[in-house]
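Quick one: the structure is below, and I'll ask about it shortly.
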Amino acid sequence: MSLIENKLNTMGLSLPEHVAPAGSYLVGYQTGNLVFTSAVGPRTNDSNITGVMGLDCSIDDGYEAAQRTCLRILSNVKSIIGDLDKITHVVKIFGMVQATTDFNEYARVVNGCSDLLVELYGENGKHARSSMGVARNPFDGVVSIDAIFEVTD
Amino acid sequence: MSLIENKLNTMGLSLPEHVAPAGSYLVGYQTGNLVFTSAVGPRTNDSNITGVMGLDCSIDDGYEAAQRTCLRILSNVKSIIGDLDKITHVVKIFGMVQATTDFNEYARVVNGCSDLLVELYGENGKHARSSMGVARNPFDGVVSIDAIFEVTD
Amino acid sequence: MSLIENKLNTMGLSLPEHVAPAGSYLVGYQTGNLVFTSAVGPRTNDSNITGVMGLDCSIDDGYEAAQRTCLRILSNVKSIIGDLDKITHVVKIFGMVQATTDFNEYARVVNGCSDLLVELYGENGKHARSSMGVARNPFDGVVSIDAIFEVTD
């Protein structure tokens, strides 16, 4: 088992099973040593975290949704590169947070994804990041995140 | 004529004429073997598909808007690389759908772009994808899409 | 002093001091010869331009906010590559404009960033661009922009 997946398991976390994309596209694509992933949310085959920040969802709920979303992104990246140990650096994440127009603490929500990446990859897990609020995400997930990873062969 | 444009014509489709960007920017830029395009909508010099998903626009209308947007993106990419046959893979598309806060079937709309890319490029047309709802797009287009393409010299 | 910073000063502009990211992430990351930056707004340590386009903010205010945001992006990029003269081309910017659902003149706002890049870098400052309206930005900045730069060693 890879070092990263071992670390995940030590933290009591694991990669979710794949959820097939809803359209005619891929979970991600590698060009050169960059992997661009499709945006996904916290949904797995048998669970989801829905809700709207500022309305019916706490910061803790949002943070957990972003962490689960990170696991789903990593599961998707693994399906492309085979082994999560091949990630040499996280380049960027883009977080879309389902929120009321009054809510603007996106950072505290998307940190659920950023913190896990840093916990797993240390300095190499640090990344550029953009966050924004949206009215609705697909499947009503609290967050939807896409990412760019730098990988080795 | 290129194979891809020939295939387009066989499908009864063609590339629209250019619409100049509304600001001091480009329709796209190639760095290395990647082309990053500016977001565009279904607008051409003499037509547009406006409306809001969930309010006054059917899924079919949205799908067609995304297909026309794809043609406009391809027209822009051709102006950069000269020949659409030089696209070796579609890397990613990012779809912004003009929608009410209740609408969340972005995938069914943006498929209009994804399906055409796959029809034209086969397996190499498959791509990572992110979709979101927005309150308004420039020129009120139902969708606005930007893309990243992998190209050869 | 670098040529670009000298040009900035001649224009009566200067780079703002850094504002540390609000979460566990970076202001940007360089992979190969591309620098991906985190989205930032017009906020500095002692000023900000807040407001909502279409409600309480003029096009001129929005344009200035986008120009100040550009300066902050450049300040962040300098912290990564050391010298702004190393930018060989601007690849892309993505502008998120805080706006009412009726407003759609994003281009006129984001031009504040695009125009400055072209003034500083000439033809090499021209870039692909996507713009959209959002309900709220972090810290209520009128705009929030992220960017991709092509750089040399």
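For clarity, chains are labelled A, B and C in written order, and residue numbers in each chain start from 1.
What we mean here is this: contacts are C-beta pairs under 8 Å (C-beta built on N, C-alpha and C of every residue); 3 or more make two chains touch, one makes a residue touch a chain.
Model, not experiment: these values are computed from the prediction.
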Relative orientation of copies chain A and chain C, as a Cα rotation angle in degrees, nearest 5: 120
Interface composition of copies chain B and chain C: same or different, split at half: different
Chain B and chain C, separation of their C-alpha mean positions in angstrom: 25
Residue list for chain B, restricted to those that touch at least two other chains: 32, 134-135
Footprint of chain B on chain C - complex, ascending: 32-34, 89-93, 99-108, 110-111, 114-115, 118, 126-135, 148, 150
Chain B - residues contacting chain C, complex: 21-29, 31-32, 36-39, 94, 96, 134-140, 144, 146
